[in-house]
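Look at the two complexes coming up: chain A is in both, with chain B in one and chain C in the other.
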Partner chain A sequence: MFHWLEKNPFFFAVAVFVVIAFAGLIEILPNFAQASQPVVGTKPYSTLELAGRHVYIKNSCNACHSQLIRPFKSETDRYGHYSLSGEYAYDRPFLWGSKRTGPDLMRVGNYRTTDWHENHMKDPVAVVPGSIMPAYGWMFKNTADIDTAYAEQLTVMNVFAVPYNAEIPMADGSKATVALADTVEGARASALEEAKVIAADMKDQDVKDKIAAGEIPEIVAIIAYLNSLK
Partner chain B sequence: MENRPLEYDYTVAKMFMLTTVVLGIVGMLVGVILAWEMAFPAVNTIAGEGLAEYTNFSRLRPLHTDAVIFGFTVSGIFATWYYVGQRVLKVSMAESKFLMFLGKLHFALYLLVVVAVVGSLLLGITTSKEYAEFEWPIDIAIVVVWVIWGLQIFGLIGIRREKSLYISIWYYIATFLGIAMLYLFNNMEIPTYFASGGIGAWYHSVSMYAGTNDALVEWWYGHNAVAFGFTVPIVAMIYYFLPKESGQAVYSYKLSLLAFWGLMFVYLWAGGHHLLFSTVPDWMQTMGSVFSIVLILPSWGSAINMLLTMKGEWQQVASSPLIKFMILASTFYMFSTLEGPIQAIKSVNALAHFTDWIVGHVHDGTLGWVAFMIMASLFHMAPRVFKREIYSKSLMNTQFWIQTLGVVLYFTSMWIAGITQGMMWRAHDEFGNLAYSFIDTVTVLHPYYTIRAVGGTLYLVGMFLFAYNMYKTMTSGRRVEESELQNASPMGA
Partner chain C sequence: MNKTVLAAIIVVIAMLGFTYVAVEMAGGVDKLMKDGDWVNMLAILGAVILVIVTSFVVTKYVRQMQSDTATGKLADENWDGIGEYKNELPFGWAVIFLGSIVWAMWYFLAGYPVNAYSQIGEYNADVAVHDAKFEAEHKSMDAETLKEMGGSVFIVQCAPCHGLQADGIDGKAANLTHRLDEKSVKHVINNGGNNFKTDYPGGMPPMLLQDPAQIDAVAKYVASGFKADDVAGKAAFTAGTCNTCHGENGEGMPSVAPKINGWEATMVATVLKDGKKGAIGAMPAFNNLTEVQVKALGAYVTDLSK
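Right after this comes the complex of A and B.
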């Protein structure tokens, strides 16, 4: 059979394809529907948080920070409850990372504040002596891309039925709603409102001036995102 | 006339040889910068505060991995294909204007993609998925490049004189099919600009898969991109170049059959070992772990087949630096394919995952196996392509030892770093509290990061020696006649 295949490239290629595609069919497909169900308390990202998530991706924060807490005592002691599949239901893409040069950030919103992040992003060593994380000064200057975040929200709501403007069950039995504006202007306005709350806890005068002028610096967006990680 | 040997046309092979060398240096230079940044964070702002956004670790990291994978390695795969393909199929590219056109188009589009990738990654335009960072316009361009290569492969096979496909051709076909399947499925994404009626950045997209599913598809891809980028095509190279250079026949046809079909079947299952103790279902994790162990068999099958090909001719390892490169490559292949399965054992993975040990494993595979084999292939091709003797044998020897030392420093320091960090993360004191804060586990690594940076720098120095030797071969090596080109490549002092 093998000799025959080696003289018939078409059937050889078909045979190779069948053999390599087999594992994917068995391993990956069956899990799909099940794994995409959110757990109680998991909300989709607001416009500002999603814009911050884009800043996180733009700077490949995931190259050094994981967002996956494994079910070991040493990890739950350090980072909080281990990760559940449904908590990632609105994460497109997933940001688990593959290397912990810095600590895990899955629940960083539980134990770090806006003020801490502001100081740390400006000068990591001043906050954590011995840190090898570079400073991210340009995040204070660059403007966050709110429009693209809004476009992504519209896309996932329309295509994947992500529940914006819908009631979401919370762990304490209450209901929460993540509002999504009808227009891009509305999205910009609501992101700015959210940004003002964050900026009120910050010290950087340039950031405050920018917010007053209606612009949202990247640092405000990424802090909104980091604060949402709980 | 009937007995006149075929004149093979290496125009396209030469083009890809050039990008192999250039992108190899670029990718490894970025890697060395990253290594020094981890040892001495001040290097992050080496080009000044104003350019820090483009020189800092996180922005450069995807550029390093993609430049060495899709630049250096993939160029090497294409370069060797345009050489090996003609020779084992006994047909010249010059015989078909169409295939020649496809080859040149292949190279031109490839260059365009390289420029687009470098530009977009520096600007931070990325999907964040490892080794699949490119946004949808580049993904489409990559698919086009790949399809053109496929047409070229099957076109050349279509007009072949040698009816039976040599082992290397099996592996090239598998490379083409495997990457095509993986890349397509992993990069399923929706451009948000079009889906939202024209809002935001036109190049932005959102993944078709969410959370755990996204992770599953990504590591099914990520792991097997290693299979079909770093293993399969490199095995194609060693099956051709080692027997050619040494003048020995492949040790066992049956072993090569077993290794090939075994590798094809087993490799794809093992992707789950990247997701041990994550939120993917337990049975998948176990499958990933078990199949990783099984994977030792087909991997060692190829490697042992290659080592036994040298049976009775081991003196060549001492006398020829080219054989040295290939034998060390195949030894590192065995080493790396044993280390990987060990790391895939659940209890070992609990310690090793997220640490530098994984980084060390990747680099003993890529520097020791992939890069050594690609450079050996190019060294073997050079006299036949340029009709000139390899410029300097002693320079090859020097390069070999400098780079070997570099790899050894790299993986030993990363072993220690990884295991140290893993042990410190999990250490508890007598009261059951964590013994170390996270920063303790960072500062302790400084010496190992420095040793790694030195190792990487040595390897890069070797790359420059390689480039210099190739350049001199091309421009001022002694001219050689076709009759001189039997097995062992001619080398100047």
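Right after this comes the complex of A and C.
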């Protein structure tokens, strides 16, 4: 019965491909779909956090900082629990990075605070002796792009069904909601509210003045993003 | 004589000749014997055996190919005119085949599911081994070792904010070589405080003192270490009823008010557990530390303010 296959090598090749592809389909895909589900407690980014993420990408932070804790004792001691794939469910794109010139930032929100980031971004050597990280003074002057962040939020909500304005289960059993405004004006207002909370913990007078005038400096956005990395 | 055998003999003689020349160039067998160089003697012996055996085997099979004829029964099927003999399976081959079926069953049912590698499994095993070793090594630690351990934990976990000298890097974080500075005392008097939620759940109400001069006096008195000759400071301290909870010399009172003339291990533990927010800024909770590490940090920080 197999003579036919052996005499038709093209169809034989197709048949082999179909068999192997099917095995791959039923073995790899369900596992992959399962692992890429958001981990309980993973929330989508708020408007300000997403604007901060854009600042992070714009300044190529990922060239020196990874966001991927590997399951080694030495890493989990220093950075916290190893990363799970579901924790990147709302990262588009993920910022794993490929090189650690600086430390990993996957869970930096757990062990650094707003005021530390402020001091550090202004003058890294002042808080970390011997640091080779450059100062990011312009982040205190540039204004964060809230509109683009809002546009991205709307896009991922409509295209990828990212659960904005929906209840998200948290690790302690409670529910959290990440609100997304209906209009860009609403998004700007809610981002400003969020920024005020962060600026209250900061010392830079220019930043405080800008926030009071309704403008959000990039530094506030990136601190919001870094604080959200947990 | 057969042509193949003749060729083999010529090749053997030529190869042995080469070997002989090579050995002579190296000083000859006599020199090797005299030096006791057994490694090279064995190499020569090996070369000779190799030449002879190889020639013999090759000759045998070449002659077999020249004279052999096929025997056995042809199978009915043929592929483009190429047939196949119906030979018995070689015995060893059959045993290996059956054995591999048995092995595959074991591997499928038990071998793989039970022993399968997983990265997380390796990590968990690693951590378990480390924890067991750590436990055994530090079962009974003396105070000095505990402090030393606290010092190393401090460098990794605390120094990024509090500085390697624990001085808070010019007011960017709390100065741990000193329990309280004036700024913090003023902040707590004005805003109240509830930084040690676990150990002192009541907290402290704000505005127990309202006169700025008195607040300054208390701040100076507390920050400079309860000096007996600071009469104004002591008076203000009493006037603000600070002493009723914190004690005459700031030694504190269990579950009512923390010690304010120095650090103590329990205070360090509660800050690490709950985090803290004060005059300087916020400190996050460090719940990733183990119990022993917290104890060690407590010992280290307590020692800093002595």
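Here, the second predicted complex is superposed on the first by the 195 of 230 C-alpha atoms of A that agree within 3 Å, B and C clash if a C-alpha of one lies under 4 Å from a C-alpha of the other, contacts with A are read in each partner's own complex, and residues count from 1 in each chain.
Keep in mind that, in the parts below, a residue touches a chain if its C-beta (ideal position, glycine included) is under 8 Å from a C-beta of that chain, and two chains touch if they have at least 3 such contacts.
A quick note: this is a predicted structure, and the numbers were derived from the prediction, not measured.
Using the contact criterion defined above for the overlaid structures, shared-chain residue A:Leu95 touches chain B, although it does not reach chain C.
Once the two structures are overlaid, the count of chain A residues touched is higher for B than for its counterpart among chain B and chain C. In the superposed model, A:Gly80 makes contact with chain C only, not with chain B. Once the two complexes are overlaid on the shared chain, A:Ile168 sits clear of chain B and of chain C alike. Of the two partner chains, neither chain B nor chain C is touched by A:Ala189.
In the superposition on chain A, A:Arg112 contacts chain C only, with no contact to chain B. When the two structures are aligned on the shared chain, A:Tyr150 is found in touch with chain B, with no touch to chain C.
Once the two complexes are laid over each other on the shared chain, residue contacts for A:Val128 go to chain B and to chain C alike. Look at A:Phe160: by the touch rule set out above, it reaches chain B but stays clear of chain C. After overlaying the two complexes on the shared chain, residue contacts for A:Glu27 are found with chain B alone; chain C is out of touch. Within chain A, the residues touching chain B in one complex and chain C in the other are 71-73, 78, 128-129. Against chain B, the residues of chain A that register as touching in their complex are 2-3, 6-7, 9, 12-13, 16-17, 19-24, 27-28, 31-32, 35-36, 57-64, 66, 68, 70-75, 77-78, 83-85, 87-103, 125, 128-138, 145, 147-152, 154-156, 158-160, 184.
Considering their complex, residues 119-120, 122-123, 126-127, 130, 156-157, 160-161, 164, 169-170, 172-173, 280-284, 286, 288 of chain C touch chain A. Every residue of chain A that touches chain C in the complex is listed here, in rising order: 71-73, 76, 78, 80, 82, 110-116, 119, 126-129, 201.
Those residues of chain B that touch chain A in the shared complex are 37-38, 41, 44-45, 49, 52-53, 56-59, 61-62, 124-130, 154, 157, 163-165, 170, 173-174, 177-178, 181, 185, 190, 192-193, 195-197, 199-201, 204, 206-207, 209-218, 220, 257, 261, 264-265, 267-269, 271-272, 274, 277-281, 284, 287, 350, 353-356, 358-359, 425-428, 433-434, 438-439, 442-443.
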